[in-house]
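Order of writing sets the chain letters: A, B and C. Residues in each chain are counted from 1.
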Amino acid sequence: MLHYYVWLAARSVRRNPALTALMVLAIGIGIGASITTLTVLRVLSGDPLPQKSDVLFYPQLDPQDSNDYRPGEEPPNQLTYVDAMSLLNANRADRQAVMSGGAAALVPDKQGLDPFAVDLRYTTADFFAMFEVPFLHGSPWSATEDAAHERVVVISRELNDKVFDGGDSVGRMLRLDDHDFRVVGVLDAWRPNPHFYDLNTGNYDDSEDAFVPLDSAIDLGMGRHGSMDCFGDEPLSPDETLRSPTCSWLQFWVELATPEKQQAYENFLVAYSEEQRALGRFERPTNVRLRGLMEWLDYQKVVPGDVRLQVWMSFGFLLVCLVNTTGLMLAKFLGRSSEIAVRRALGATRRSIFAQFLLEAGAVGAVGAVLGLALALAGLAAVRLQPVDYAELAHLDVWMFGAALAMALVASLLAGLLPAWQACSVAPALQLKSE
Amino acid sequence: MDIQPILKTLRHQKTAALLIAFEIALSCAIICNALFLIAHRLDRSNMPSGVAEAELVRIQVGSIGEQDDDNARIDEDVAGLRGIPGVVSVAAVQQVPFGGSSWNSGLRIAPEQKNSVVNATSYFDGGGVVRTFGLELLAGRDFTADEYVDFDTLFSANGDQSRLSSAIITRSLGEKLWPGENPLGKAIYLGKEPIRVVGVVAALVRPSIFDDSLAGYSAIYPVRGAQYTQYVLRVGDGSSDAIIEQAAVTLRELQPNRIVLNTDTFTELREEYFQQDRVMAGLLVAVIAALLTVTALGIVGLASFWVQRRQRQIGIRRALGATRGNVLRYFQTENFLIVTAGIAAGMFAAYAINRWLMQHYELPPLPLHYLPIGAFALWALGQLAVLAPALRAMQVPPAVATRSV
Amino acid sequence: MLEMNQLSKAFRTEFVETYALRDFSIHVREGEFVAVTGPSGSGKTTFLNIAGLLETPTGGTYALDGHDVSRLADYERSQIRNEKIGFIFQAFNLIPDLNVFDNVDVPLRYRAMKGTERRRRIEEALARVGLSARAKHYPAELSGGQQQRVAIARALAGSPRLLLADEPTGNLDTQMARAVMELIEEIHREGATIVMVTHDPELAARAQRNVHIIDGQVVELGRSEPRLAVRALEA
């Protein structure tokens, strides 16, 4: 029976190519637009570290003075050096890392390569293990190097290729600004999306060119890349701000494997805040947060509002296309009411007629799906041309491919419901009535 | 034109008529909001900067080694840049309009205030900002030579904040701090020391805008040698590209141990800053165009179908004395009624959508004048779309009535 | 085969109730060829629609092939129509986009039947009406008489218990009409039960028995009497 309906649908399509083309076009454009925006949304709201995102947390404290205090406010997004180091030294988490973005001029050894600017990350040893950063050569530095403020560096694969022509560069020296750093590790390709551990530098930014111990960078006065929020009345020189208790500019991540540990850490944050208040440092009421990775991204509204708006827009557009298709299908089906009346007279049940026309709707959807996919691919290509930091990430994956097909089919079946219902309501007739 | 019979006939085609009306309603709602969004975004991307953008270029250099923004070196750089043919004026400043990174501070108007009145951005004028940027002084004056203070003097362990005594603010900032009063001569407080307002400029936009309503709150302080100082060149009529190239060369000649980080014209900075808004506006135009096309084609399809179905009825009417014009007007009126119903529903839907957008996407409320625009567009679309089928209906000969099925 | 007792069919509008059929009774035995005649507006069309299970009566009973089909739901009616009744319409009612073979195929598709069985029946039916050579042609390419014969083949392919014909020669010229009527008579001779609605007395004369309807009620005549009946008085 199904085979018969498919055959009938094919004939119907061929008989009325203009109307069918119109319907396919409507569905195709609607699906194409929706899949494009959905793919971008999916890419942007993905989990950057699915294997670990449930055990990574971002502590927040409020160390500020009572000026400009508004009850109910969220604590600052970053920590001061004093607080970050206190938390780090307290060592209450499975793993932990303090970090900030940085910038320097790299003076290469290579012939013919001019000095150029590089993006850096200043951080502590656990960073690499905690985020499971893959290494091509060498290994991360250890807590010893952190404590000794050693001049070591871990470089990215791209930087390794550019400066050392690929190959194992562990042990070689890299000159950043005026200082030499010893390469201890070379990373494999690593680009978590979004750039969750530091959203200051761009939510979907590429990962850094090189990593350097935090204290070493501070000692050497290397350039910062991020935001700094200083409170209090004391004027500070730029160098002083870095280790001051009144300027927050550092990101702090911890790994806590179990809910018990998470609760314990939150208690620890509260206890620490209370202690600092007793010491007269924190002036505001204790206000701590311990957000999980995905919660943090959500709180920071990582996905640009425009992207969400575009998804809604395309859904609205798809809805209009659906209504349009419903109307055209209605016209097409009812135009064959005499055929329907004859079939019914010859013994077709309402169900058969309904099935026949619903299948025809599905056939339109199937062709519309193909068109929609083609348009989505074109749409994503256009997105990739946009100068946004997530441009390269806009690709159709298997899931969205399936989603496109499913969406088109469901849409066309929905659109076909009303017309098929009206079609099967045509009364069986012997005589051709004049309208 | 008697509407009653048309309405009665439409009742037989209830479903199809409702579908068209529904489609029109949706399209109307989306189009009204989309038009408004486009206007809003384009307005935003045209927000005034207060500076002579077309003539301005900025160069950012980074030294290899210590961030040594030595005053002497800065003076040397400025002098060298001044010497480039085509350069009218040069300023040293630590941030630029639409530049992205900014230094912001809470301002108070009395020393004992606990809470700041407003958060404004701080431009550290290393010399020549008002002149080079082309700012319009509404009241007061530019800084005098002795008012300039070194950054290190202010921001260091033994810093003397009292040395900073003057500021130039924007008109909107003055209005915010002292509503209705003349800001000239009044004091603002970054710390404990008073800073007098010596000049008021018409406008100077922030480098980075978190909230559109706060975009114009800027203050300029005569501070030399700030961290991350960059150079802004005002070029006459010369080609900016040539001058930028020359500037890069000059700066590297003066100090080989540096990298040129960024060179941009202010126009480019603005373009890049509002890129997303323009892209969004473009997308919205595409959506509107697509919506109109799809809706039009839908109307054409359905109207053609109706004409075909009612061939006999049309023939009968013609046989009974209706003219071609009557037939044409019949279909046009029918279309008009359906579209009107759709637009009426669409108006409500437009407001509903707007409320939702206001809540989730920080859009202002939809101004009333967008509704007639959307309505007119759809009426015109409907009439245009029904024209072809209606013209065909006109051609149905009366003889059809007498022919049997 | 076909038994209607006290059948009535009423159409109600807001103010008025009209009876298309009233106290209508008719009995057709298996193998009979009955012609139903009457002026236009007499209710013959309604009778045919009810007989063909296209409409339901408002009162009375209708039994087809021994089963009471008076108040069946649409689903059952469709099935019975498909299996037991063959229609021959005045307007042929072939589906223009399907060729002859596929047209005859249509009612068979709504039954559980294998493809080979279907093909056999179609070929048999087409041979019966003498149109095997035209299997691939489209209705538009055939003459009126040929189209009607295709319709007859379609009606026969399902081996119906009852054939209902509505002015089968209404759209045909004399020569074609004669050929079609001969075919119908031949089918009757082979044992089919046929009820034919017509206003043509010559056509009616070829049936075994005539039933005359006036104003929704039966006025039965005897065998092949081509005279108009005297209107019976209401009881």
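Quick note on the criterion: a residue touches a chain if its C-beta (ideal position, glycine included) is under 8 Å from a C-beta of that chain, and two chains touch if they have at least 3 such contacts.
All values reported here derive from a predicted model rather than from experimental measurement.
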{"item": "Contact pairs, highest-scoring chain pair", "value": "A-B"}
{"item": "Centrality ranking, top chain (CA atoms only)", "value": "A"}
{"item": "Computed distance of Cα centres, subunit C from subunit B, in Å", "value": "74"}
{"item": "Distance from the mean Cα position of subunit B to that of subunit A, given in whole angstrom", "value": "26"}
{"item": "Distance from the mean Cα position of subunit C to that of subunit A, given in whole angstrom", "value": "69"}
{"item": "Per-residue overlap in subunit C, given as positions that touch at least 2 other chains", "value": "91"}
{"item": "Sequence positions of subunit A contacting 2 or more other chains", "value": "432"}
{"item": "Subunit B, residues touching no fewer than two other chains", "value": "405"}
{"item": "Touching residues (chain side subunit A, partner subunit B) in the complex", "value": "19, 22, 25-26, 29, 33, 66-69, 103, 105, 107, 115-117, 177-178, 221, 223, 233, 235-238, 240, 304-306, 308-310, 313-314, 316-317, 319-321, 323-324, 326-328, 330-332, 334-335, 386-388, 418, 422, 432, 434-435"}
{"item": "Complex contact set, residues of subunit C against subunit A", "value": "45, 48-49, 52, 54, 74-75, 78-79, 81-83, 85, 87, 89-91, 93, 95, 97-98, 106-107, 109-111, 154, 158, 166"}
{"item": "Subunit A-touching residues of subunit B, taken from the complex the two chains share", "value": "15-16, 19-20, 22-23, 26-27, 30, 34, 62-67, 106, 114-116, 152, 154-157, 159, 161, 191-192, 227, 258-259, 261, 272, 275-276, 279-280, 283-284, 287, 290-291, 294-295, 297-298, 301-302, 304-306, 308-310, 312-313, 357, 360-362, 405"}
{"item": "Interface residues, subunit A side, partner subunit C - complex", "value": "1, 4, 11, 15, 338-339, 342-352, 427-432"}
